[in-house]
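Multiple structures are listed underneath, in structure tokens.
Two complexes follow with chain A in common, the first pairing it with chain B and the second with chain C.
On to the complex of A and B.
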């Protein structure tokens, strides 16, 4: 019997995860319903926000697994199963997207679908923003993402039951095209689902900006669940400070990367000072929404940067998890700032900060995060929590970065 | 010229013996000692009781200095001392100062880190009191070496030599040098 096959089905852990998810979902749904009373467009906007949050998170968790296969990462083998389990929500994305399909078809989400503006229906933009092409793209994303989950996570799980390393070898090869496909699909999904909310505005870096946020959030969620598993004593002797440190380093690095990309987008537009481009920021830095802009700057960069700067913070499971929580919330602030203002006013009216709308959106985020955990709890109940036959497992267990720990 | 003891030097053939010896020397309370190995030995720094470097604080100081000087430079030149109207852009704004802020933060952080590292390692070091020692030379080839320096408060020729011998050290000897480092170095085997 493989000592690293950690089946959590008989332990309280899946139940704990399910209860946590259930509480988040119930509180979230209540906030979502209350927030949108009297303003039906709040529900559509809030739901879109929650969907993007969970979609970006779960697809990026599969990408994390694919990436670690692609670069032959040794350190990650002991913890890679955690993002893989958490990414199970990818499989139910089409179901989660149904309300959005209804909202879009009834003309409640995307202005371009029912706008008579000539600019939106001519030339390449007219072709790109045509409903058949739009829906075909969304179906393509869903096929790629579910396929990526089936292949990458599927091979990782198959490796648990065989002694040769053919499933892992398959992943080494297949992770390359999937990482490429992920890069393209997450970019164009951010264009299609988020940037088209304001169809006249455009930013080529928007996809990278979205990816950076999703990657930070998925690492943060991964750290939090690592901590939950460790506190329950389920991964004793497997998880070490080195794993927290490495995920913490990635979290820290991509917090800076997010800042770099977010600022690049802002800076070019600020300097160019062209009205068709500045409108995005002008509308989001006035009438109350500037609170979210500042909160993104501090919550997504200044505070976590200074907090996670020290090596010993990244090596302390409790502390690095606090950093992860800050960033998980900061990602919600960031996405809220991008998505919610569009739904805060009637078409053509200036955006206006509405806390009821924020409540609706954050309710949706909490509910979706709850759903992510509930779906993940089912995966945790069925499969080993450690990739027990991974050829790199021992390297990961013995891994020392050489960092200094006070004795 | 008068020869004075510089260090007691011991050779070890086996990396585990070296790590054990380093630990024992540290636990005896020696502070002025070092190990020389042909390749990096994992866990040796911990066995020797080496404390965490203060280099990150130097780096941070460099970063803060860079950020402050970048802001000051841009504000002083563009916004205060020599204002030029360029296409109606502001004389100074945090927005456009960021690339320079970033670059100078990184640059000074890197400088402080590099030169801080060299300084903490006392590099460049043109002369080392052990460099005429035969064992010290073999440490670049196939031997692990522990040297306990004579300026250690706990250093006595007899006790130090006994300790190194008891940990399995071979060719334990006192390395001496003349008070004037420019003269020829000698190794005295005891």
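On to the complex of A and C.
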């Protein structure tokens, strides 16, 4: 019997995760409903925000697994199953997207779909922003992402039950094209679903910016669930401080990466000062929305940077989890800043901060995050919580950095 | 994919499947073998072949320096620059050389933080290339300022003329970014070399050489205390160098993006330039290491595994660069801005289409051969691809600079630029300088980080002693005990 096969089906863990998800979902739905009363467009905007949050997170968690196969990472084998379980929401993305389809078709989300602006309907832009092409692209993303989940996570799960490494070898091969496809789909999905909210505005780095945010949030969620599992005593002897340290280092590094990318976008547009570009930031740095800009700067960079800089913080499970929580919230702030202002005013009017809109959007995020956890709890109930036959598991378990832990 | 070789075997144990990685040092050398091997390179008398190669590269360097002097004495007019193209080969070469310097810091800093043990065999030479490349890069802006005797005005200092540098200019940011990069890279390179210099000090017979190595090894005795401080300093410098890998080329990219010219002003430039820099840097490391490991017989230390890993990075960064080309092109069309759209159509079909397609073929198409494991491990293939990437990355910078300048908003001021023999000679001269410095390095400085390679030998691994004991990341072996 493989000692690393940890089946949580009979333990309280899946139930705990489901209850946590349920509470989040109920509170979220209540906030979502209350926030949008009197302003139906808040519901559409809020739902889009919640959807992007959960979509980015779950797809990027599959990407994390694929990436670790691609680079032959040894350290990750002991914890890789956690992101894989959490990514199960990818399979229900098409269902979660249905309200958006309705919102878009009824003309409540994307201005370009019903705008009579000549500029949006001719040339390459007209071609790209045509409804049949738009819907075809969304279907393509869904097919790629579900396929990626089935192949990468599927092979990882199959490895649990066999004694040769064929499933892992398949992932070594297939992770490369999937990482490539992920890069393209997450870029164009962020263009299609978010950037076209303001159809005249454009930024070449927008795909990288979206990716950086999703990746930080994915690592943060992974750390939080690692901590939950550890607190329950389910991964005793498997999870060590080295794993927290490693994920914490990645979290720290990609927090800086996000800042670098977000700053590149901001700085180049600010310095160039071309009206067609600056409008994006000008509208988001006035009428109250600047609070979110500043909150992004502090919540997504200054505070986590200073907090996670120290080695001993990254090695302390409780502390590094606090850092992860800050970043999970900061990701919500960042996405809110990009998405919500568009829904805060009638078309053509200047954006105006509305806390009711923020409540709606954050309600949707909480509800979607709850759904992510509920779907993940089913996966945790069925499969081993550790990739018990992973050929690199011994490296992940045996590694000691030599760092000194006083506590 | 990578399971066909005999050295990589998956075997089954009671608690699961276990996969052993390919060894990074072949032939089971002892600690002494490695010291002897690397020290012998510095100890042996230079061969006639080496002297011939050195005099050849030095001649090219001298020719380039002559042309630099000619430019300075005559004026920038001897170059082909004119309206509307005021930046040509000079800035292209500057960006090209800065880019070459990026592999060294990535390998020495980022791969160190990522615990990539395969970096040990290649970091020393890659870091050396970083420093030599930055030296070559720094020449171009200095010459291009025209009156080089006033180049010190680039440095802000209080003066009686009340003259200050323009802190709002990205060119000024370059001065800070590049000089910081050179300083930190140099310190990092030197610090990592101290234990090895001490090893050479203890091994060489020549009295002058012994003195010199002794001077630069700073009294290193290999004591536990020395190693402890050394490792702490190394880790901190790795942490400090990591943001520099991103910052230098990002600042270089701002030279372009801060100008609001179509084709230059786009938000993806900073990460795009960084990816391109790492891409070209690895290509240059590959070109030179393929030759070095052959000539110095280092095949057991710089193994096929090292070359394969570098080829994977070339493939990955090549595709990042391809992604950036695609984003630029796509957004230019999507933007609906006719000037943006025109610049990119013009790149692909206009006067400089030949340069654009050279760039695409070399940078995006040629690395695709590395999808095949067989070709990733094929010396002639990787050598040719690395040369192509070097050429392609030069053309990338040329395409960006020339195409955006030669056709701007007013058709009346359109033009075309060709370099003169002076510009070509100066570029050739910097290649000569770079190769001369590299040849000197390969002969007189330990080309491989001796102490670090010893640390990845099987004997140095914790599981070979008793389980659970932490081993320092560097083998604690006194350099005097060879």
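What we mean here is this: the second predicted complex is superposed on the first by the 406 of 407 C-alpha atoms of A that agree within 3 Å, B and C clash if a C-alpha of one lies under 4 Å from a C-alpha of the other, contacts with A are read in each partner's own complex, and residues count from 1 in each chain.
Here is the rule we use: a contact is a pair of C-beta atoms (placed from the backbone, for glycine too) under 8 Å apart; a residue touches a chain by one contact, two chains touch by 3 or more.
Since this is a predicted model, take the numbers as computed values, not measurements.
Engineer: Quick one: classify A:391 as touching chain B (first), chain C (second), both or neither.
Structural biologist: second
Engineer: On chain A, which partner's contacts cover more residues, chain B's or chain C's?
Structural biologist: C
Engineer: Have a look at where A:400 lands relative to chain B and chain C in the superposition and call it first, second, both or neither.
Structural biologist: both
Engineer: Considering only the touch criterion stated at the top, classify A:173 as touching first (chain B), second (chain C), both, or neither.
Structural biologist: A:173 contacts chain C only, not chain B.
Engineer: Does chain B (first) or chain C (second) touch A:187, or do both, or does neither?
Structural biologist: After superposition on chain A, A:187 lies in contact with chain C alone.
Engineer: Tell me the contact category for A:302 with respect to chain B and chain C: first, second, both or neither.
Structural biologist: Once the two structures are laid over each other on A, A:302 reaches no partner at all.
Engineer: Kindly classify A:270 by the partners it touches after superposition: chain B alone (first), chain C alone (second), both, or neither?
Structural biologist: Only chain B is touched by A:270; chain C is not.
Engineer: Quick check on the output: what are the common chain A residues between the chain B footprint and the chain C footprint?
Structural biologist: Common interface on chain A, chain B vs chain C: 271, 400, 402.
Engineer: What does chain C use to touch chain A in their complex?
Structural biologist: Those in contact with chain A are residues 1-3, 10, 12, 15-19, 21, 113, 115, 243, 246, 250, 254, 257-258, 260, 265-271, 319, 323-324, 327-328, 331, 333-337, 341, 371, 462-463, 467-473.
Engineer: For a test of understanding, state which residues of chain A touch chain C in their complex under the given definition.
Structural biologist: Residues 2-4, 72, 74-75, 119, 123-125, 128, 159, 163-165, 168-169, 172-173, 176, 180, 183-184, 187, 200, 202-208, 249, 256, 260-261, 264-265, 268-269, 271-274, 276, 388-394, 398, 400-402 of chain A touch chain C in their complex.
Engineer: So in the complex, the part of chain B that touches chain A is made up of which residues?
Structural biologist: Counting only chain B, the residues touching chain A are 42-43, 45-46, 51-53, 56, 60, 95-96, 98-99.
Engineer: Enumerate the contact residues on chain A facing chain B in the complex.
Structural biologist: 263, 266-267, 270-271, 309-311, 400, 402, 404, 406-407
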